[in-house]
Amino acid sequence: MSHNTFGHLFRFTTWGESHGPAIGCVVDGVPPRLALTEADIQPFLDRRRPGQSKFVTQRQEPDQVRILSGVFEGLTTGTPIALHIENTDQRSKDYSEIAERFRPGHADITYELKYGIRDYRGGGRSSARETAMRVAAGAVARKVLGPEVRIRGALVAMGGDWVDPAAWDWAAVEENAFFCPDRAAAVRWEERLLDLRKSGNSVGAVIEVVAEGVPPGLGAPIYGKLDADLAAALMSINAVKGVEIGDGFGAAALTGEENADEMRMNADGTVAYQANHAGGILGGISTGQPIVARFAVKPTSSILTPRASVDRQGQEVEVQTKGRHDPCVGIRAVPVGEAMLAIVLADHLLRHRAQNPDAPSVARLPRN
Amino acid sequence: MSHNTFGHLFRFTTWGESHGPAIGCVVDGVPPRLALTEADIQPFLDRRRPGQSKFVTQRQEPDQVRILSGVFEGLTTGTPIALHIENTDQRSKDYSEIAERFRPGHADITYELKYGIRDYRGGGRSSARETAMRVAAGAVARKVLGPEVRIRGALVAMGGDWVDPAAWDWAAVEENAFFCPDRAAAVRWEERLLDLRKSGNSVGAVIEVVAEGVPPGLGAPIYGKLDADLAAALMSINAVKGVEIGDGFGAAALTGEENADEMRMNADGTVAYQANHAGGILGGISTGQPIVARFAVKPTSSILTPRASVDRQGQEVEVQTKGRHDPCVGIRAVPVGEAMLAIVLADHLLRHRAQNPDAPSVARLPRN
Amino acid sequence: MSHNTFGHLFRFTTWGESHGPAIGCVVDGVPPRLALTEADIQPFLDRRRPGQSKFVTQRQEPDQVRILSGVFEGLTTGTPIALHIENTDQRSKDYSEIAERFRPGHADITYELKYGIRDYRGGGRSSARETAMRVAAGAVARKVLGPEVRIRGALVAMGGDWVDPAAWDWAAVEENAFFCPDRAAAVRWEERLLDLRKSGNSVGAVIEVVAEGVPPGLGAPIYGKLDADLAAALMSINAVKGVEIGDGFGAAALTGEENADEMRMNADGTVAYQANHAGGILGGISTGQPIVARFAVKPTSSILTPRASVDRQGQEVEVQTKGRHDPCVGIRAVPVGEAMLAIVLADHLLRHRAQNPDAPSVARLPRN
Amino acid sequence: MSHNTFGHLFRFTTWGESHGPAIGCVVDGVPPRLALTEADIQPFLDRRRPGQSKFVTQRQEPDQVRILSGVFEGLTTGTPIALHIENTDQRSKDYSEIAERFRPGHADITYELKYGIRDYRGGGRSSARETAMRVAAGAVARKVLGPEVRIRGALVAMGGDWVDPAAWDWAAVEENAFFCPDRAAAVRWEERLLDLRKSGNSVGAVIEVVAEGVPPGLGAPIYGKLDADLAAALMSINAVKGVEIGDGFGAAALTGEENADEMRMNADGTVAYQANHAGGILGGISTGQPIVARFAVKPTSSILTPRASVDRQGQEVEVQTKGRHDPCVGIRAVPVGEAMLAIVLADHLLRHRAQNPDAPSVARLPRN
């Protein structure tokens, strides 16, 4: 992780601004001879795309991905895979005001203080548009992980209103506009978002991502821990302010007795974990249980209410966002979170294989 | 971040097991001609040291640090600084049972599944003892940051019992055995820990770390974000299950209006932020406000209550921790969290300086 | 250096195959507010371009570079700069035979053994075409270094025929088709290449690259040495088999007395080095003298003479290259070598500045 | 490669100065369950050690290595291996003069210009003493490579006097004080070194290192090439000024016909390469042939003849090295070169395995 590159062996580098000619990424370190076409990537992009419902920004972009390298006759070659999306909806005229004024809660002022220059159009590099390339890279990562590893995500809280775990249904996630696994909550959220939309206000959210079928052994002491890399991956998503694994902050309120994930044996020689408070990771290494992580997304900073701010010259001004408005950016973060989880796992799968080629793919005992 | 090395320019590598002859680290990338002696590091180690109160493990280690390289006549030379602590209290006899049995909540089973071998004595590499070297490296990082940057930490919740923000007094932190900033909470916690100690149970905790005087501009898009690196740094600490910046998970329950950190100007040309919901970081880059982060530590996994588990041969067994017992490992994590915050900031200070040598050290406008 | 990414702070990642739709690179870590347009890059690409003389491959590519990100209103923004060149001359029909047969001296067989698949058209990823992106990134690196640093290169030997150092004239380099600094040698070489062209044979070459105006202090012990990074950079160029700094292999034949670069003082307080056997680098760190490096390029492996080889099925075959033929690939390596030198220096300039912001930009004594 | 760390997956970090209390390294990324004790490392250190013949520095150091972590009951555990050597022969009094005066050809002046401070005693960090830790790490790398990979080195030229390839006998290497594979050359060299010793002068050398049994497929395009990493590894050794692979600079004088390594098939389905001009690497990837590299070491800079120089204050002075004198530092570089070759191969073996777990271990066709 540094600059605009993420990962150690499975590694991707993104580039592009919201209103430049295109955005793209280079995915490197992919094993050869994996079947890969644009059709493997496009569905994930479509799922993240703004404009698919009334609750996310009405930017109309087809987000059509092209593979420019690294794939030959439908198979990966082991060389870098360049992915490319043209920016077709660049309404630069909407953004003239924010050239000089810093929107509270946005990166405008920090880019100015750091670089002394910024591409202010649509947020430039700090736009959530960058996350499209994470989703594209995530689709490639899923290929590396193979079909045994299943990665899904859901919105589990919106503005403090949580889903009911007892009502969780993965099928529901694809039925509503919020990736909400609880049908009753989805109804409540819809109402709330319509209100927020009218008032020009916004609201935060919490997303949960889960990976099933992950082999034990991924991750490593001490600064290559799976959960540490996952925390960085999720925290790097725009507007994310918190990350937790398993019981997370809830674990801080438990006793050691309550928190212990006891173990028994299955008949097939695999470990039967009795609970998963740990979220599938112990000592930075996967246990073979589902990896469970949640992250908190702050409310959209672009709101219609005028806010006190300052401009580049140090004058006090008011800033009011006009044009497109997204009452809950957290919704779009669901596919992005899934992608980052896939990317971290793919990277660690390769790293693990390098050092431990004969490690078991399930939690079987005795190991040898 | 990978393997046992953390950081990009300011970088440290730790080594050593709980019951090996020594533990150590190599701190690399330190600017030259900084005054540094063991006396600059030892106080931070003493603060973390087990055995200083009745509420942390009774291991008696002087944890005397030695500088073996990189310092000449009391000044850093720009070459790697090797720090070394002998392990003097190695009661290997206590640990014979856990050679074969996996303690629930510990890394025993994941090390076994990954490596097929582990130094089981006292947790080996996964022991919290490794964090002593983080604290030592953190002391060097503070030197790099200079006296303008002030880094402090406190325990803000124990077992779900939170401190009262209104009662916060930094002076209190040094007065009790828990780094607790709320004197009334410290009294409650003492009682609770005595109970847990008797019952052999344990409890989780939340730590808050704060850095004041941090220049704006630290951190960078997109995978070199300050908060992403900080999330990885804190999540890499033993037993940590969650990390948040500023309002963190609380931000997910706010509206955009509530969450906006509005801005006015101070008379001296610096930005007067009206709030700090963002925890001092916007778009992955520091704003010049205090950096505020919290992290959740799960309850100590070593408890006296017997738990169901399995052994290396795949047999079902019971495991009960004997010997030293630490009812709340979160307490010791306070100095470790401070150290990791210092390390992340030192690394990003160098990275920022490399690319932006003329950036301002305070949030002044206009920038130029 | 790993995968398809080079550099630590100034860092670039290349992608693309010879006969894919495009090639490109992402240049990351560039300081903000440097003036940069395509016109700053294009001349360097034109200089490297095949087809400009009768002695290099007759591939007709305009190699028109586009900047797709990281530049706003003519200035760098500090975010990643994506550079893009369409592949317009893709005669895929020429390459059907080499799909199955391994050309001796080429990477055909090693890609097959490593990946089990390769884009064989025109060499795919292993084509010298990739070096166009190095040249493009090198143009950006020159911007980072600024006008004080002057980087030039020349062909100093072709097929064992060396230039006369006494006849060296930098102006001559731009006058002939070989980047030859010795006008008499250029005449000899022209004759020789015409012969080789007729016979379908090829010849190796040696290139010298020189950087003047480099500040002292670039590079660092022990595995961040300037000469080590430069060696990797030059050795990574296609067909390079040797790299040397200063007197290089010649130094191995000298005595210590002969090899010493003695020092006196200039009137202005700077060091007057009496010689530069060291090639401007001592202990891995620049002295402030010109950096001088040479690298050896093997003869073009694609020749018209049939050679014994094998195919993918393990059958013995004969291979004869048809179509475009380049009697001395070393010629085109001159601008590539310059680019890699610029890139290494730009990276180390940033790295040096991070750790030593107050180091002098010339070899002045006393230092402070 | 950066700072004091080398390698990507198999990675080591060295620390320590010539006259500090100790030197050491941390070897990280080692696969678990390899048998490893000090006895596996010590013989390589003994081979490099000064003081074993009259032709290398008479420093008397036992160079006794200790393993401080990462090995449990004689087996590696997958965690970092700390290696430690006490400095027992620290004659600090010999070095008082060079505190102020810069020795020509040494890193004294570049450390001063970069850092403004240096541990001048015995060269401090820039001392060849650091190479002991490379040799130690190299011994661990050999374990990772396994017994199939055989790595050897020899001195092939001293002061321009080359060995006769026809007289090469690996057995001779261990019989003389120069690692010389040509018994006649060894006799000539002995005479020459006695003369140089008397006159206080010194001489350069060329070392060849060879690895047999290396699987095909190690290395990767474009900036992870095996030869590029090897070039960096060898160039990072003290006093090295040139590196070449296979025919190296000689290849630049060949024609394409001469340089082609033609291929036939062996009866067992492996490729029968007819020559090895390429030194076992094509396109940055190993072919399965022996890896052959040579590097040039400049003459020892510390000579008894007075040389013109300057001091820290910018005064012109004369410098004459007193005390221990090593007429050919190249001799000791033989085991160091072997170690660096082993380290690069071990790193690339792990990297290759991560991406291509099912690649063949010999050059067999058809691959699948």
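The first chain written gets the first letter, and so on, giving A, B, C and D; residue counts start at 1 in each chain.
Heads up, the rule we're going with is that a residue touches a chain if its C-beta (ideal position, glycine included) is under 8 Å from a C-beta of that chain, and two chains touch if they have at least 3 such contacts.
Just so it is clear, the structure is predicted and the values come from calculations on it, not from any experiment.
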Most remote chain, CA-based centroid, reference being chain D: A
Interface composition of copies chain A and chain D: same or different, split at half: same
Separation of chain A from chain D, taking each centre as the mean of its C-alpha atoms, in whole Å: 45
Chain A and chain C: spacing of chain centres that average the CA atoms, whole Å: 39
For chain C paired with chain D, centre-to-centre distance based on mean C-alpha positions, whole Å: 25
Junction residues of chain D - those touching two or more other chains: 3-5, 14, 29, 32, 78-79, 114-116, 125, 220-221, 351, 356
Complex interface listing, chain C residues touching chain D: 1-6, 8, 14, 102, 104-107, 109-116, 125-126, 130, 157, 159-160, 196, 201-206, 216-217, 219-225, 227-236, 238, 241-265, 269, 271, 274, 277-279, 281-288, 296-303, 305, 307-316, 330, 351-352, 356, 359-360, 363-368
Partner chain C, residues of chain A touching it in the complex: 3-5, 11, 13-17, 20-24, 26, 28-29, 32-33, 66, 68-70, 72, 75, 77-82, 114-119, 124-125
Chain D-facing residues of chain A, complex: 9, 29-32, 78-79, 220-221, 350-351, 353-357
